[in-house]
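Next up: some structures, all given as structure tokens.
You will see two complexes here that share chain A, one where it goes with chain B and one where it goes with chain C.
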Partner chain A sequence: MTTFEKVANILVDAKDCEADKIKMESTWAELELDSLDTVELVMNLEDEFSISLEMNEDMKTVGDVVKAIDAALE
Partner chain B sequence: MIKTPICEILGIEYPIFQGGMAWIADADLAAAVSNAGGLGIISAMNADGEWLRKEIRKAKSLTDKPFGVNIMLMSPHVEEVSKLVAEEKVAVVVTGAGNPSKYMKDWIKAGIKVIPVVPSTGIAKLVARNGAVAVIAEGGESGGHVGEITTMSLVPQVCDAVDIPVLAAGGIADGRGIAASFMLGAVGVQLGTRFLVAKECNVHQNYKNKILKAKDIDTMTTGKRLGHPVRALKTPFSREFLKMEYNSNVSDAELEAYGAGSLYAAAILGDEKKGSFMSGQIAAMVKKEQTAAEIIKEIFEDAEKVLRGGTKWVK
Partner chain C sequence: MSFRILGTGSGLPSLCKTNDDLAKIMDTDDEWIRTRTGIEERRICGEETITDLAELAAKRALEDSGVTAEELDLIICATLSGDYITPSMACVLQARIGAKCPAFDLNAACTGFLYAMDVATGYFARNPKMKILIVAAEAISKLVDWRERNTSVIFADGAGAVVLGEGEDLLAIRLTAKGNTHALAAPNVSGNCPFRKESELEPFLQMDGKEVFRFAVSSMCRDIKTVMKLAGVTGEEIDYVLPHQANMRILDSAIGRLDIDGEKFLTNINCRGNTSAAAVPLLLDEVNKAGTLKKGNLLAMSSFGGGLTTGACILRWSK
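Coming up: the complex of A and B.
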């Protein structure tokens, strides 16, 4: 499974996002996630990938998070 | 006497914080609360560094007890004031309206104890991992910017989520609220509205009068559409704001512009028409002006009585 697929699964499972709406370029606003949702999402991703992620304002899309995870895994 | 771990961690007598209310919580109020044995807090709100430095130095001249600064993370001056609190080595930094993680390392290095206000278990876990010594779980009963979850629901969930001490805030006005908070797992409380009418509080007298007069149903929340809801007393201003909020012809920018400066108008000018008189749902339980010392002594005496009677239904 790719990082994107894993992230998408977590979004579907933890945040009830609709799977077909999740794209690399989807923003949190488009997925209707607020700042509290994104913090919780980051905690979930850290557990899933056993990494430490620094959430910042530049991370606006699913793709941004996927890239950050891949960088942390390298 | 009531002593909890937060008293030891901070070197305070009573486990109570005074909320960092913007335009209201200045050096005079913070020093009065600290001198009375609680933790007084200056609100950095949207002010710049120069204003905050003056207030911090004033508080230092008024008390030798620890006090804190509340940093509002949406402030345009957040970078400047976050450096300044480190320079001034304030004892405690409380944060609100966001995720303080990126500033926490510098504060902790400066020896500051960081205690963020958290509206969810996710933020609580995040700040605990980043070195917070405690968190304030603030429910939506509070005044000013509010989260969705109530104190009753939020406090036990945050207590379960983190291993650091938890303070409860939102909806607490007296000893019963303190006792209930302890039953939910908190080891301290933060009160805003009750301290707003403290004799040492410099807020406009009209504001105090409105709180003293308010009834249980007199607060409302507005601003949900803008993503940061606010609880305030029902006034011509807040009713009009709500109407505009539900009017799709009014843009978000117009709504923001209508709200700008409304807390200043209430707290400093006492303007009953244009002011936003932010208040918690317990406004009706605030019945008289007292000194900070009188407030703290009274509510902890009551809390002790309530806690001692807490087993009366256990057969």
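Coming up: the complex of A and C.
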């Protein structure tokens, strides 16, 4: 499973996002996630990938998070 | 060597403000507040002072326990928002209720009630026959910036109290602290000393909501798991969890990460808001008086707040 697919699964399971709406370029607002949702998402991703992630203002889309995870995994 | 809870009490301001009331004075609305906090209304000190609420909670706890003020050996107030820096809230309260014992305040922010129970345990180790009054009372409405919606919609005022006596009901307790002045902070008075520059700190409570959310969820899960292990109890054996009423979103997230049925988590944040240190004893009194708790129930309590402090305990309810 790719990083994107794992992130998409977490968004569906934990945040009730609709799977077909999740794209690399999807923003948090488009997925109807508020600031606390994004914090919770980061916590879920840290558990899933066993990494430490810092959510910052530059991470605006699903793709930004996928890139940050891949960088942390390298 | 610990204690048992002989009685509980609480005191609430009469003034109740709904989300719609707040929407009239700031840029927010009912749905925004509900979805981000789970709060629908909160009590705010209007006519009453926080000392009045502490007195009410203390008197009700004494009445519920059948202990008189003269019999008390110690009063501990968990607060950071008393009416005076000195005298302490505990000393003012001692005079109000007619007690003669030593009295002091303890500041561990929202975790103050858990810290006070741990301090009390030390006194009981020295003398198991003591009677100790703990009052957690906060008027955070005095500290928030009412032009700033992120904090002013969350925090509220109230008081909760317990009277402790001889017993062995505290099965495990764990406290933590990790010094941090940016996630959640409120500066003290700075005075008008002419020999230095005026303080640059805004005279209000400041909170980094995202950082506090993350800290709160992770510490609550860690602390509850730790005290369950220390007490040798499982999630199934816990009858009720009384968590700090900080934000429903924090509770929902923690519930999803703990091996305890979500229905066991007691809440009143919808109508009480976040009353800081008062939240857990206020909730305890409400469920005690409502008849929810049964003799022999195992309770888990967990709190977290400025400091950053955290605390959790496992307590047998034997009242």
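Side notes on the structure shown:
Note that the second predicted complex is superposed on the first by the 74 of 74 C-alpha atoms of A that agree within 3 Å, B and C clash if a C-alpha of one lies under 4 Å from a C-alpha of the other, contacts with A are read in each partner's own complex, and residues count from 1 in each chain.
The rule is short, and it goes like this: a residue touches a chain if its C-beta (ideal position, glycine included) is under 8 Å from a C-beta of that chain, and two chains touch if they have at least 3 such contacts.
Nothing here was measured: the structure is a model prediction, and the numbers come from that model.
Looking at the shared chain after the overlay, A:43 reaches both chain B and chain C. In the superposition on chain A, contact is made by A:55 with both chain B and chain C.
In the superposition on chain A, no contact is made by A:32 with either chain B or chain C. Looking at the shared chain after the overlay, A:5 reaches neither chain B nor chain C. Of the residues of chain A, those at positions 34-36, 39-40, 42-43, 55 touch chain B in one of the two structures and chain C in the other. Considering their complex, residues 14, 34-36, 38-40, 42-43, 55 of chain A touch chain C. Listed in rising order, the residues of chain A touching chain B in the complex are 34-36, 39-40, 42-43, 54-56. Contacts from chain C toward chain A in the complex involve residues 35-36, 209-210, 213-214, 217-218, 249, 253, 256.
Interface residues of chain B, counted against chain A in their complex, comprise 98-99, 101-102, 119-123, 125-126, 147, 227.
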